[in-house]
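Dropping the structures in below, format is structure tokens.
In the two assemblies presented below, subunit A is common to both, partnered first by subunit B and then by subunit C.
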Partner chain A sequence: MITYIVRRLLMIPLLLLAISLVVFSMGQLLGPDLLVSAYINPNVAERMTAEQLNSLKEKYGLNDPMPVRYAKWLSNTLKGDLGWSQVGKEPVLDAILNRLPYSIEIALWALFPIIGFSIWMGVKAAVKHNTFFDHFIRVFTLIGWSFPDFVFGIFILLFFYGVLGWFPPGVISVEGFQIMRSPEFTNYTGMITIDAIFNWRWDIFIDGLRHLIAPILTISYLWWAYLLRITRASMLEVMRKDYVRTARAKGVSEKNVVHKHAKRNALIPVVTVSGQFIIGLIMGVIIVETVFNRPGFGRLTANAAQTLDYSTVMGSLLFTSIIMIVGNLIVDVTYALIDPRIRLE
Partner chain B sequence: MKKFFVLLFAILLTVSMFSQVPNPDRFFYATFGDADTLDPHEAYDTSSNEILYNLYDNLIRYDGERIDAFLPMLSTAVPTEDNGYIRNDGRTYVFPIRQGVKFHNGATLTPQDVEYTFKRAIIHSSPSGPISYMLIPKFLGVQDITDKAAEYVGVSWADMIDADGDAKPEYRERLINFYNDVIDPLVIVEGNEVHLNIQDPSASFLFILAHGGSWASILNKDWMIKEGNWDGKADGWWKYYYPQKEESPLFEKAMGTGPFKLVDWNKAQQRFELERFDDYWRGPAKLKTVIRQGIDEWATRRTMLERGEADIIMEIAMYMDQMEGRENEGIKVLKGLGDLTSIVLNMTWEVKADSRYIFSGRLDGQGVPPDFFTDKNVRLAFQHLINYEAIINDVLNGNGMRMATTLAKPLLGYSEEIAYPEFNLKIAENYFRRAYRGRLWDTGFKIGVLYNIGNDIRRTVAEMVRDNLARINPRFQAEVIGLQWAAYLDARNNKEMPVYALGWAADYPDPTNFINVYYSSEGYYGVAYGDSYKVFSNQPQPFFGGASLDAYINLAAKELDQDKRAEMYERIQQFVVGEAIAIPLYQPTSVRFMRDWVQNFIFNPIRPGYDFWELYKE
Partner chain C sequence: MNKEEIKRALRKIVKNPTAMLGFVLLIIFIIVAILAPIIAPPDYPIESNLKEVEDALDDFDLSKKTDILFYFNNYLNSEYQFIMMDYPDLMELKDTLTKYEKNEVSFDELYFLTSELASYYIIDRYYLNRLTENVNSALKELKREISRQENIYKEAIRIKTEIEKLENTSDNNFKKQAETLHKNIYKSYIKKINYDPYIMRKVTNRNEPQPPSSEYKFGVSGGRDIFYGVIWGTRTGFKIGLIVVLISSSVGIFLGSIAAYFGGIVDEIIMRITDIFLSIPFFLGAMVITTILGTGLDKVMISMTVLGWMITARLIRGNILQTKNEQYVLAAKAIGVSDWKIIIMHILPNTIFPVIIQASMRIGGLVITAAALSFLGLGSPQGYADWGSILSYSRDWMSPENWYIIVIPGVAMILFVLAWNLVGDSLRDIFDPKMRM
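Our next item is the complex of A and B:
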């Protein structure tokens, strides 16, 4: 397994090179006229002369041939310089690293309730197949699955913030922000709740958590619906397998049949989906970040794509690729741990 | 009696609870997006300018909501001919500098700070910033300092400067001489006065200097040098020309004399925090802390306002119906605030011959000739094709005003006497029948009407032109074509677009900012109309007593008697309306959404945003 992991990790640079080449080439199809948009100040835009527009293209090397531009980008990237982020107003690397902790923080907090609840309820629904509980879960998941995430997010915001005033948008209150910026508070990870624990500031922890609940609730319901359905379906299928019948025939208790024999096998597809889910969370949930006004990796990437900020798009792509490759590797390794029949070679 | 007092106490308690303003000395403004840069010589977006407006001061400022009157600021006087501070036939403006003004770091303002500020602006001149449009043309008559340097040295800028931005050894001395001979005399300190020497008399110069939060903000020389900016010396000035925005040491720092100090700019959260400057020379602001945060989602901003956690939110006019009539909930809506902007349908008098948007390029029913719009009947016909009221009422939801010409209301020279263009297809038909001596009606034509993709209002206008043309004569075909922004600009600059919608927002509230831009053949739009327009605008006109349109526009720009100027601009407008040189579509109006405890909001259309020194909560 170690060889497999090392081999997969060694492939990362090659994969990144291939992906960056493809995306860079796609960008060049847009041409300098479109790519220069990211550098034009909208207020000046309506009055720029052809010469000024061209000088802007020259300054940012947009008139250079594609191989020259790619070579420049690659050489700078290898030196750790991913360029300037027009949307982030800071170097691309800083823009990503300053936003990634917010996405990871949501992922961390959402991960356990979503996966834990989904597996628990999914297994329970399968065991109590065709009972009232099962029907309730089916309706519950159907609603969640059909709800547009944007509408659900706004609904959560209006109810829990607009009506009840419990969970405000943003990441922290004004007072909390001032404390976090003061010398008495050290930012270790950029994740507010985690840093609050390290600083032993429970007021900041609660403040940060208060701002996390509504976005987590939004993501959770939508993902519960998805994971729960998969767990339930997978569990139902496994419960009909011969070895489960055999276990029952041998007099194994129903509890052991469900938890020791069936559940372990039923979780394999759940692991696949959960892997994608975690990767998706880290890459940012744009809608949730927008509605609840949380800075995040997804929102940065989406804004960069909308404004044709190509340096940021390329930088985000590199990060996304690394997260995807490492995430999928973790999923593969988890398979092998859950099911000893799977061998990684 | 006892019961009465208990009841009274309960009522008073309830009233006091409900009338309490949350965080009275903290102001939260939920806006959209983030600032672009904090360098006043580079910032050219309202988001950046609004922050700078509260961090820096100018020499003079606009008087409250007036756009035609000034007050002294860091200068103790507004220059006029009467007070003797406008000299040398209007080419020298003198500013006595206020004593005892403090910068945020405690340093005292000196005339040398003012001198450094304007010289740094001239040297910095970047085509993506405001300086090349505002200050350099006034000081040097060009848009770019390098044009003047090339003229002085005798070789192009690219030949003088190496790849690292340093002067080649053989040109170094001449570039130093250029600074000493050309740049240095533009700004002179005499005792406590600063003299600004401009190239030609200009009625708009004070308007430019009064514009807050941008090119005329006064910097702190010593602090700038300490931060790695230009050292104020002739040797090496060229290294500070046109840096990339992010390379400027002022990109995310500020040191002004304004009413607020910059505490923090959190880019991830699009959040600015400003703190009251207690030593502000006009007295400290009532608000202690101002937070401006970019909250992109409208529903989130609206909910924050409803809960009273935001004091003002960035408005979206189309959602006005969600906010109106909620005074009892403490929500205040201000509407009908006129922006100094004009949106115009432009016609190119001489389209590039190989433009794809004139199709066959001939008057054969399958295209139009490149000089299609030199026929006055065609221009007048197009002017009557637009249903202006429908655009304002249905497309803009009422957030716009009619315009007679491209001059925005209420600038000097604006007159209600000048008639608005009329939507009347019958009149349009009559003009089309006369065009090209009657040939156009029989042959028909095909033309591209262009808009920039994403601007649905402009697309609707283009579709309206297309549909109304077809209604008048089925042989009149218009193809509505959308282009991406940069391609749109390129097509405009290359004179490829025969008809297109584009706008202009005022940089300073002077008629030159609209009249010269649209109607002078040297103006931004005038140049794009093509050489035929240049010929036309330089022809002697009996209407102007024999002067050409261009000459008359230049005379008006230099006229220092404001009443006389107003008359001249009215006359220019009467002329251009008769010639249908450009079709003014509408002047946008804006709205503001705020809590009712926000006090002392003064609307001045030229301000880049809110003045937090004036605002308070009560």
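Our next item is the complex of A and C:
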């Protein structure tokens, strides 16, 4: 077990290096003319003469051979210098870190309803196999699976904001924003609902939550569909296993069979999927924050891509790739911890 | 697969209501895509001279012969008059360019000639500015421009000779000849003005949505006809899904089968590359590549192909590793069949089914990704008939009374994705009952 974890940990720097190489080479596709825009404002660059541009390229080493440039870029990146973000109007790393709390807030709030609901419903659907409830869940997941997340988000916005006026876009109302900016309110984490709890301001908490429900609903529905499918399938498989029949035969109550014997083993594949799920949350956040107009990490990336702000886009890609690698590691290790069959390898 | 198995598979599909729904939806979409030019005829641009020819040809008698020839020549003059006049000058510039590259002419001479041509509006002033900024890239751009103009000149000459040929044909053949020539010239006209039926034309300059009416059946969004966009969007959907899945699956099959069959160091290298690509988040990666390459549907497809081959490669590798030691492969090896032949003739046919199923299940997701990119303004160009971009027009007009600009393209997209997912799902149920979800 320990050798497995050590082996996986040793792989991480190599993978990170490889990822950095991929991201770097993607940037190189731009060519030196466009790469300059990662360092200065393109509007300024347009008015510059060829000589000025050349001296700039010289300064940042854009005319150097590829390996030299990669080494320079890598050392800068390790120092945390990812370039200047035009969209964020600050260095890329700061721009990402400053906006991250909004995205983490959505992810945190979405996590529990998604996992809880899908496991509960998935197990129930498998236990009541081929009943009306099961068919309903099948249809529900199929539709959810085919629903593009931004379309679902727009539908939600149209209905809950346009028709009912319940959940407005944005992160907080104007009054709430003023309170948040006032001296008696301390910002600990940057996440509105969490800060509100720490400050014991329930009005702000409810205000923040009201703006959160629609994005959470959007992200959750699609993941419900996916996780439900997997829970249901694996539960159905486990329920046919011999040891479940044995448990029934020796007179264990149906409730205990399902929850103590079957569910535990059925959830193993669900753990593997949760790795993709973390990544999916990051991706979902790009769409959801654009649709619901929330100033988080996802919107920063989307805006950067729209305005051709290469340094920010590259920074985001690197950042999410690292999260993905670490997330996959955690999932694999947990998987090995839960499932004894893996440990033998 | 023998006949009996096919029969059994078909029976399973017919018995399964969701599978039937998927296939019916898919067939409807295919029909709509094929009949798109009839259901929503594109508004081909009209050229007045060619229109006159068409009218004359509609009720033709020999007295109209001179008219037709006149209008053809008129078209030639109006469209190609300038290039005919400018051509000698352009050739001179081309000469000077090649001489400059051989150092036979000084830069000043080249610059002088360019500025002279620019002052007669033969070439754009832009190239003059480029020459002062960056000579090398300016030379490249100039060459490209000259060769573009040359092609136009060639086209003009071609049309001219064709018209002369028409003048000399006998009266019996005239009508037939004139009709083909008209078709020919009209085609070249469409090409010349860069008309693309996939671009939804602007029906109004006002941005606000207009509700469905008899003229615009699904309403107007962003100044464009939604009905036209939804119908032609089916074609876009198929184009994206099928092309990306085809290319990326082929790449995956190729790399996966090499890795599995040869094993050892080849396998190790290919699988590590696969790992690296797998740790790039798909949507963000596609976003980045599209941003770098620039907007356009082809760029979106390239980015999704680059990031979409890994799962297939893994799948096929696993399958081949299983079949590699089967008796028929060993037998083929023993009688001296070459490696490639064994892979293509013996192993792939036995391992490809899961890949096909997986590919059909991926199409829906790919269409969603492309639409999401368009929605973010990164995918297809402005006005392209694509469900994602129609939806992106709605962003500033989101209110209940404008439901049609959101619901109609949205539902079209959902049904399209649903159709593919249902079909993929039922294929898997039929061929791989173990995996049934």
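For this structure, a couple of remarks:
Definition applied: the second predicted complex is superposed on the first by the 276 of 345 C-alpha atoms of A that agree within 3 Å, B and C clash if a C-alpha of one lies under 4 Å from a C-alpha of the other, contacts with A are read in each partner's own complex, and residues count from 1 in each chain.
Everything that follows uses one rule, which is that a contact is a pair of C-beta atoms (placed from the backbone, for glycine too) under 8 Å apart; a residue touches a chain by one contact, two chains touch by 3 or more.
Computed from a predicted structure; not experimentally measured.
Judged by the touch definition given at the top, the superposed model places A:Val171 against subunit B, while subunit C stays out of reach. Of the two partner chains, subunit B is the only one that A:Trp84 touches; subunit C does not reach it. By the document's definition of touching, of the two partners only subunit B reaches A:Phe292; subunit C does not.
Of the two partner chains, neither subunit B nor subunit C is touched by A:Phe117. Contact with neither subunit B nor subunit C is seen for A:Phe133 once the two complexes are overlaid on the shared chain. In the superposed pair of complexes, A:Ile143 makes contact with subunit C only, with no contact to subunit B. By the touch criterion stated above, A:Gly162 is placed in contact with subunit B and with subunit C alike. In the superposition on chain A, A:Tyr310 makes contact with subunit C only, not with subunit B.
Contacts of A:Asn98 after superposition on the shared chain: subunit B is touched, whereas subunit C is not.
Subunit A uses residues 49-50, 154, 157-158, 161-162, 290 to touch subunit B in one structure and subunit C in the other.
Remark: subunit A residues 15, 18-19, 22, 26-27, 29-30, 49-50, 138, 142-143, 145-151, 154-155, 157-158, 161-163, 229-230, 232-233, 279, 282-283, 286-287, 290, 301-302, 305-306, 308, 310, 313-314, 316-317, 320-321, 324-325, 328 touch subunit C in the complex.
Listed in rising order, the residues of subunit C touching subunit A in the complex are 18, 133-134, 272, 275-277, 279-285, 287-293, 364, 368, 371-372, 375-378, 391, 394, 398-400, 403, 406-407, 410, 413-414, 417-418, 421-422, 425, 435-437. By the touch criterion given at the top, residues 26, 28, 34-37, 44-46, 127-130, 133, 242, 244, 246, 252, 264, 267-271, 273, 289, 291, 293, 295-297, 299-300, 303-304, 306-307, 309, 484-487, 489-490, 493-494, 502-505, 524, 527 of subunit B touch subunit A in their complex. Within the complex, the subunit A residues that touch subunit B are 33-34, 36-37, 39-50, 52-53, 55-56, 59, 84, 88-90, 95, 98-99, 102, 154, 157-158, 161-162, 165, 168-171, 174, 177, 181, 290-293, 295.
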